[in-house]
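The same subunit A turns up in both complexes below, where it pairs with subunit B and then with subunit C.
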Partner chain A sequence: MEAVQSMVRIRSGNQMVAEGALRAGCKFFAGYPITPASGIYKLMIDMLPGRGGVALSAPDEISALAYCVGASLRGQKAMTATSGPGWALMIETVQYALMTETPVVIAMVQRLGPSTGGATQNAQGDVLLVEHCTSGGYTIPVFTPSTPIECYELTHIAFTWSELLRTPVVVMLDKEVGMTSEDIDYMTIHDLTTLSRQRSIQRDNGKNGAMDTYYFENPEDVPSFVPVGGQIKATVTGSAHNKAGKLQKNSPETLEVLYHLQKKIDAHANQMELVKRDLQDGARTLILSYGITARTAREAVRRIRNNNGKVSWLNVLSLFPVPANKIRASLHNIERIIIPEENFGGQYRSVLCNVFDKQEIVGVNKLGAMITPDEIIAKVV
Partner chain B sequence: MTKKILNEENIFAGFGGQGVLSMGMMLAYAGMIENKEVCWMPSYGPEMRGGTANCIVIVSDEQISSPIVTKFDSAIVLNQPSLDKFESAVKPDGLLLYDSTNIINPPTREDIMIVPIAASAEAMKMENTRIMNMIVLGGLLGVRPIVQIETVIEALRKVLPERHHKLIPLNEKALRRGMELAGSAAVVTAG
Partner chain C sequence: MSMQEKLIETYLIDGVKFPFCKGCGHTHSVRYLDKALTLLQRHPSKVNLVSDIGCIGLVDALFSDIHTVHTTHGRSTAFATGIELADSILYDSDLKTIVILGDGGATIGLLHIVQAALLNVDITVIVCNNYLYGMTGGQHSSFTPFEMVTTTTPSGSIVPPMDVCKVAESCEGGFIARVLATDKNLHEILAQAIEYPGFAMVEILEMCPEYGLKYGGVDGKKLKEIVDRENKELGVLVHRKDREEFSSLYKKSIDKNSFDAILKKSDKTIQQEFTSSLEKEIGVVIAGTAGERVQLSSYILLQAAIGSGLHATQKNDNPVTQGSGFSLSEVIISPRDIYYTGIEIPQYVVITSADGLREITANGLLSGCSDETFLLVDSSLHLENVKGKIVHVPLRQTFGPDRAAVGGIGIFIWASGIIPRESFEREIKIKFPKEAEKIIGSVYQLTNQIIFSENA
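For the complex of A and B:
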């Protein structure tokens, strides 16, 4: 790194996703350029080769994620970046990564949909599309930053969980979070521990040096990793399989593997919970935000308090698994919850309904233009 | 003596290719060098060139909460569609600074400060149309000294790759020319 007097720089969210990935030890990137995620693509192509990694320009998004899964199966930390239209093409491979327990991080910068939609317009309309893209309804961990520094930290955290749980993890931005540049002070970034992928020690199952690729004692456990193409034979398939990775249907062991794919995530859901809270004594209203609406919410909170009003604020950084414990712990004396989202139906609001007890839930929703602080304030009684 | 807290919310708007986004970015960089909090939020159409482009730039002494602003202290506009769109978005007593070269319908508000400068015509006189944006930025800083011109030049030195550093004197000249033009512009002042 260049010698500098100050560690303050101007960085966009996209740039910080790329820097967070490099810090997390990402060694492989493949992508297909798409607004508003191209900033990540560009920086990874620029920087990764010089750091001993490989960055590929893929012919399309299907190949991009498939390349990443291949690199990860060989043992390298891998990431791709896309937006809604590219995600639509990647869904099959997201499921393949989930089924084959392959760690991979996908940076998903939302834009206005459906279809090619509005390439340069902000939206938060892909929350349910991202989370509910698997047959069987498995949980895909999703992290949502709202500042460049959070982009850095949450991308790093996404890599950590992806490695620990051997599953695809999504860092979900929106256009404004990805493309807005701000001054950031590198000295304020939290110290982050980078994990190396835990390799399996050879466990001969008596089958000519082969081993059970997906061996676990308890369904909550995560199998240790065996790289494809190494000295130990690893069997990988996207079809239903037993612990050896062999295609099999309806055997008790295969069903156990299918349950295990979800149970390993459920068992760690508490540890994944990440929120930022700014609770005020005596507040009866809570504003719950994520992504770019966190910034609007912060301004709304500032204005309300400047006018001697009382309001609490909760910003969700780990969208899925739903951080239910930390949300519930923030509801003391709260009677009204305001959830601003840049989508028309209140996508995360619909997910949260069973988390709340007796509070009144109010959405602030908008398409094609950003929610303003005043529009949030108008819903505060 | 307490110093007034700086919180300048600006919008730069024009056609893609006029240097709208880079003009805003230079202000943000200069703000950062002067230890201000800064935020630069681009917005443009899907076209690479010729579409509409704008960026919101906030320069503040305090932490910037929301990058989303709907009323501006200053609107800096480079074409008619942007003028039509953003004239009404200037706060009362705010500033509307525009390149008058290509404007057919000038602004009409009486509660804001209006500064027309013929930046495109001036850039042609200086034989490089691409420095039009620096003339406009100089004009802005002439009216509202958000940052020092010297800091913008320092920012240019940091942002431009070495091979383009030979262009810095021309940019400096453009910034200073803009400042002069704004000083002598037929200013329509609020009230």
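For the complex of A and C:
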């Protein structure tokens, strides 16, 4: 048989989020329509039930995410998709998923804000709203694709980390990445390993053979999963609790659980680091970007190099936890870092300040329209 | 239950101590819920209690071996719905999920109850209605009776209370009952509700001794008076046998064939049968009226370009109303990888209607044209102060409004030569099989006229 050289299809970022979720074993989707994320909802309704899953409509975004968290508590991989206004409604339930250590993936397709903003206008203005949505300042892992293939791969990876860490994970697109269609070659997609959720086995904790729902030995360990409805009793709560899931105020064990929720993520931060790099020998400027502006930045790099200029490019795929090691390792001889973002004031730039020690940091920021390659080039000296 | 198994006498923890105030209706409700469970004798792993916020939210800790999920305020019903949907559809299991919440939780989470009733999802919602928010200091709720004094209605409530049973009934909830916490048959009604295959709701009328009694003067007698005055019927109000439970309906509704057809369609790949001599990236803007197939036609251009071995991107825009006003597509075609997906200077512009012209004038695409831009414009339109080479063609008249965009794209392909015509023909024959020949014929004719007039 002749080897298949290419397998070209037209896909949008939204479509590839849906396909990545299916590949990752997502079995439950609840959605509520919102531009520019509705494409994911529609695709999951079209594709998931035929593959043995459930995809249904929720009456609002609060219900959509709560249905997903419920399905995940029962033991299934679940996802929903939304944009800024819907995310605002979901924050309560994101925190619940974090506190109850319930895996769930949210595809967040950004549009112009604040408030209803502009439904069909692009923005990268929800970076901090997504990352800092918890009381207590816990890390929400966030992945930021810039192409349809990255949408596929990072959605798959988001499920993997959500399952491994038992925590909500966000795949954050923007309207341009989500709704722009292009040719992609399926033969270039990396084959990724799909994980099933690690289930708890009956373990005697010395309390009449009962099982602590949130049992861990070291704070950075992730408890194995006890499904609601399984043979072992699950005690789930969004209130401060001990390892048994019992509501407690300020007991040493409860505080240990609260620290554990962050420590389990910190302990895996190095492994989660994901960037794409195109570093050039002799370059003194690095353009650091994510999402749609990574593509704009890459075009700027192409033009600069075509004119015999030197410049390096870094595309951050794992926005949070901040991939500080991989960023620092890209700074050899770099004096100036340009960070283009389609938001007001440079949200990720403000986060990165403590990653750089001596470089000059320059933002390119714009609202309501795409940053152009030339606007980035203008900042390269 | 087999005869050998021991009867479960209680599902509560050993030596249970109720955390509620003396005389609180919650204690009654929880005891009766336990009694209902002992009537049913379900294995504890097949019972799941989802609790809410407020005093009644403390209930999960009182039960011993059943699953418990303590949630956020009002969201209990939504989490329970998700658990139940996964359980019954993806596991085909028979976990019984019971939600217990107060009148505050039922108010803030009313939409979740409404949706659960509409779906007729197999959960039981127990609303412990003590007419106010007890835990936070006796504030009134949407269930507070008219004229009742609470800490936030010091002159008595001037707003009528919500009847949650009527709400659930209007949402076609399958089993609805209202009872007093002191009713002797409460456990039987709760057991009926739990066993009901579909959405069941039991509103238990209670009294808060701390605020209802001390502050509002509502004792057992007054509670009965309120019930009578509001004409609230007690007992089983709705018990429908004509409503199918959601999960079985859902499973039946899955048409494997239609899903296979969708998958087959989306799996279709584009074969590269043609080659193009295009050397640099170009931006094409197609602007027209919503509902006139502008974006679909642009997709044909995308397919034709990709079928010719080129890379291409497409992004669309239209007003939020979808079917009125303008419709716009921006297509980039390139022999190399496309990074930046915006169009800085359009090389080709096709405008089929006044809506399209207005939009690209407003958003700056038109003013971004250069002297080299080639604009193919419907004959009815007048362009002012636009750079580039403008050619007027009777697109709407020749092709009709719905085919003006595809006709314009055809002429652009014929005239520019950037994509082999055969590639466009292949796609158009798939998309518009009956009209393909006519469209291609008109494209050929109009293109020749343009070239002829240029040469003349």
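By our rule, the second predicted complex is superposed on the first by the 370 of 381 C-alpha atoms of A that agree within 3 Å, B and C clash if a C-alpha of one lies under 4 Å from a C-alpha of the other, contacts with A are read in each partner's own complex, and residues count from 1 in each chain.
In the analysis below, a residue touches a chain if its C-beta (ideal position, glycine included) is under 8 Å from a C-beta of that chain, and two chains touch if they have at least 3 such contacts.
Please read these numbers as outputs of a predicted model, since none were measured by experiment.
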| item | value |
| --- | --- |
| Side-by-side fit of subunit B and subunit C on subunit A, or clash | clash |
| Most subunit A residues touched (candidates subunit B, subunit C) | C |
| Subunit B versus subunit C as contact partner of A:T134, first or second or both or neither | neither |
| First (subunit B), second (subunit C), both or neither touched by A:G70 | second |
| First (subunit B), second (subunit C), both or neither touched by A:Q280 | neither |
| Contacts of A:P373 with subunit B and subunit C, given as first, second, both or neither | both |
| Subunit B versus subunit C as contact partner of A:G238, first or second or both or neither | second |
| Partner chain in contact with A:Q262 - subunit B first, subunit C second, else both or neither | neither |
| Subunit C-contacting residues of subunit A that also contact subunit B | 8-10, 35, 119-120, 176, 179-183, 292, 295-296, 298-299, 302, 370, 372-373 |
| Touching residues (chain side subunit A, partner subunit B) in the complex | 8-10, 35, 118-120, 176, 179-183, 292, 295-296, 298-299, 302, 370-373 |
| Subunit A residues touching subunit C - in the complex, by the definition given at the top | 6-10, 27-28, 30, 35, 46-47, 49-54, 56, 58-60, 62-63, 66-76, 78, 92-93, 96, 119-120, 176, 179-183, 186, 228-239, 245-247, 292, 295-296, 298-299, 302, 370, 372-374 |
| Subunit A-facing residues of subunit B, complex | 25, 28-29, 31-32, 35-46, 64-68, 70 |
| In the complex, subunit C residues that touch subunit A | 44-46, 48, 58, 60-61, 65-72, 75, 78-87, 89-91, 93, 95, 111-112, 114-115, 250, 254, 256, 258-260, 262-263, 266-270, 272, 299, 302-303, 306, 311-318, 320, 338-342, 344 |
